[in-house]
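Shared chain: chain A. Partners: chain B in the first complex, chain C in the second.
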Partner chain A sequence: MAGQTDPHISLFSPQEVEFMAEDEMVEIVPNMNMDPLNFIAGDYGRFVPQIPTQVPLWLAVALKRRGKCTFRPPAWLSVDNLTQVLEAEREPQSKFQPLPSGYIEIARLLFDHARDDIPDMYMVKSLVEDIRDVRLHKLETNLGTFGADTTAVKMNNVSAMEVNLVRPFVIRALEAFYKHDKPERDADRDARSSSSSSSRQPPREANNEPRRPLRQR
Partner chain B sequence: MASNSEMGSADFESLLSTSDVELLKRAWRNEKAAPEILPYQGDLVERAKGQIELVEGNIEDYVEDGIDPLVVSLYQMDLDRTQFLLRSYLRVRLLKIEKFMFHILKSEEAESRLSEQEKAFARRCAADLTKHFEESVLLKLPENYQTVQKQSLISDEDDMVPEPNLDTFVVCRSKNSLKLNLYEEGETPVILDLDRGEPSFVRYRAVKRAFESGEVELI
Partner chain C sequence: MAKYYDIDDILTEEEFAPVLFHKPANGVTIDPSAETNSVEQGAKVELPFWLAHELHLRQAVSIYLPACFDQKTRLEIQADAACVDLRSRCPYFYELGCKLQPLVTDRTIGILLSTAFKIRYKERLTKVFTATHLTASKFLPFLTIEEANLYEAANLSMTAFKKWRTGGPRFQRASILGRKRKES
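This part shows the complex of A and B:
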């Protein structure tokens, strides 16, 4: 049902993240003739055989499934580029490499529906998975560095799916730090250690957060 | 009728001329990410509804005229996507209203963010819930504890009213390089540099003003 993701688990479900990624433009080569399409989302077409056009991903997948076009894989989805990215990601202490925000979703949809349009598909697939693993590992180590003085967390070049993955944890962790940090903020900053939650009770105030429903097994 | 469409990609560059669907998607995303309820985008919803109805009519015509079923199914897909956005947007708002209904009805400012139907919904909901609580529990409690909104008449504030947690953290992205001032309550200001297009986790209260003026967006 629309809008029914449990907000206590995650704001956006993976399907919703994929939905957002499906609006990315990709290039296809149609193999048939078709008039321009006037969608609410925009106007696309007209479709002439062998002439590449730009369409949103969801439209491209729909056409591909009915055998009406072939994909032109995006520039970043090549063995060379991905190998380069993987090397760079594996450097110790490196930041996240620039990748399209929806790279996981786009790659997965292309693998599922357009295998024959990607050269060296198996190689590309395993490269993407390796990149995902390395980045996830980097995210995890980064999360471990949170301290009481973490006011904001930068996520440069992290893709939408990855952000969504860590979002619930980061929010709860940062909230907890902030809450326990409040009575200490007036105290001497040097005296404050950067360990996890303090053992001191914060002063009792009316807790106006909505009550969470009990989890049902 | 036709919205001024740009080939709406999720790229920042296309913010200047965006289609209704793009605007609806952004409104949906913002509403999902924000802890409190945001102002109702009445015009956008009306326009979207109008376009959806138009396309529904068109599709019926196409089916009758016998147009290529492929084309019909593509139009149907686009329609479904737009409908999903609209429905989800409205549902998320309703969820928030249900969660915070007493708080919203208490404050003029929050109430002004609702549409007319939402206000009616909130009032009915609050009335029903109050009645339910009173009949099932409250009237059977001793005198001092009978209000829905306070724990007891001794409390100074309405501490049984759930309030949106503005100190929660959200992921935001700014259109231009921005300097944010955190800890605004007169304490040592910490300046956060937000580069263009870089997502970061920040406390909602700190970005609230920038968000409302449209300089950052929530993702």
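This part shows the complex of A and C:
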């Protein structure tokens, strides 16, 4: 298989995933007056002091670095919400909790640039790290359940960075399982079809790492 | 043939497999212990797999399992598949097994390979993401080439992620600008 010996199978670097996560809208509070800005991505409206405005994250970071605004932390980045999410993640056998797809990247950008705008910053930071660790462990146990019958894998609520982390590994692992367990499956299928009850197993549900909706312009 | 130029495939087929000759062969110095330049009918010789495969197609030989698939390895795999040192037995354990499977009369190879792979995968390879570098790399010399590929894929993306996480300059200086030009 070509993929087996290809050393550069990783398709996206973490920086590229971060770049794509910067398209999320966040709320800022500007401290200056500015006319609407026109970009290819869209127009971002008048900036009036002390009036909260929605802008993409990349623009917000740029404004913040020039000292022209302060961040309003997004709703999911509060201590209460994160504690709740962490408790739910730590439940045994629980699924992945719904979190914004770019939560790791957004959190990191905000910590780097907007320390003073987030209340209890260190607490929030450690909570995000804990959540990340727990989800990674859960992802790992999920990967361990692959077998010969794994034609497709479906996991809900996995964030973009986590998907990118396991992508090359999962591709190669599924290829390897297909190659090795094929004879076992063929033998099984022969045995089953030769017996009287020959009802085929229904095919597994469609493959989906969660798709991000394309942005409508 | 998609794998004709694949280096791993070429190296896999270099592995030796014992064969039993059905027809005598003249003018070949395969058997080091024979005095003459020929192989007699009924002789058991170790040939590289690509040669054994071709001769098998011409029904000149019949292939047996190489030593790396013998009873000793099977017992070790049954005992604890995760710790068996497959690389010293045969670095292309799985690939060779897959190739041998249709040619050899032994039907149990497929199951042996798949159970070994499944257990080793679950125990070792899935741990790459969360374990520290030391624990995960301790078993690196035991993995076959194929498993090492999987390990490397996981390792690369994990190190890239960790490096990104510790931060660093967003913009990197292009390497082409690195060298200072001498003012002539």
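In this text, the second predicted complex is superposed on the first by the 172 of 217 C-alpha atoms of A that agree within 3 Å, B and C clash if a C-alpha of one lies under 4 Å from a C-alpha of the other, contacts with A are read in each partner's own complex, and residues count from 1 in each chain.
By definition in this document, a contact is a pair of C-beta atoms (placed from the backbone, for glycine too) under 8 Å apart; a residue touches a chain by one contact, two chains touch by 3 or more.
It should be emphasised that the depicted structure is a prediction, and the values quoted were computed from it without experimental measurement.
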Answer with first, second, both or neither: which of chain B and chain C does A:R167 touch in the superposed model? both
Does the superposition put A:A176 against chain B (first), chain C (second), both, or neither? second
Check the residue A:K125 against both partner chains and state whether it touches chain B (first), chain C (second), both, or neither. neither
After superposition on the shared chain, which partner residues are touched by A:F39: those of chain B (first), chain C (second), both, or neither? first
If you stack the two complexes on chain A, which partner ends up touching A:H113: first (chain B), second (chain C), both, or neither? neither
Examine A:H137 and indicate which partner it touches, taking first as chain B and second as chain C; both and neither are also allowed. second
For A:R72, using the defined touch cut-off, is the partner it touches chain B, chain C, both, or neither? Pick first, second, both or neither. neither
Among the partners chain B and chain C, which is in contact with a greater number of residues of chain A? B
So chain A touches chain B in one structure and chain C in the other; where do those two contact lists coincide? 2, 4, 7, 167, 171, 179
Quick check: in the complex, which residue numbers of chain A touch chain C? 2, 4-5, 7, 9-10, 13-15, 18, 108, 112, 133, 136-137, 139-141, 143-144, 146-148, 161, 164-169, 171-173, 176-177, 179-181, 183-184, 187
Given the complex with chain A, which residues does chain B contribute to the contact? 2-3, 5-10, 19-22, 25, 29, 32-33, 48, 51-52, 55, 70-71, 73-75, 77-79, 81-82, 84, 87-92, 95, 99-100, 155, 157, 159, 161-163, 165, 167-171, 182-183, 187, 190, 192, 195, 198-203, 219
Which residues of chain C touch chain A in the complex? 2, 6-8, 94, 98, 101, 110-111, 113-114, 117-118, 121-122, 125-130, 146, 149-150, 152-154, 156-158, 160-161, 163-165, 167, 170
Using the touch rule from the top, collect the residues of chain A that touch chain B in their complex. 1-4, 7, 11-12, 19-21, 23-25, 34-35, 37-44, 54, 56, 58-59, 62-63, 66, 68, 101-102, 151-158, 160, 163, 167, 170-171, 174-175, 178-179, 185, 206, 208-211
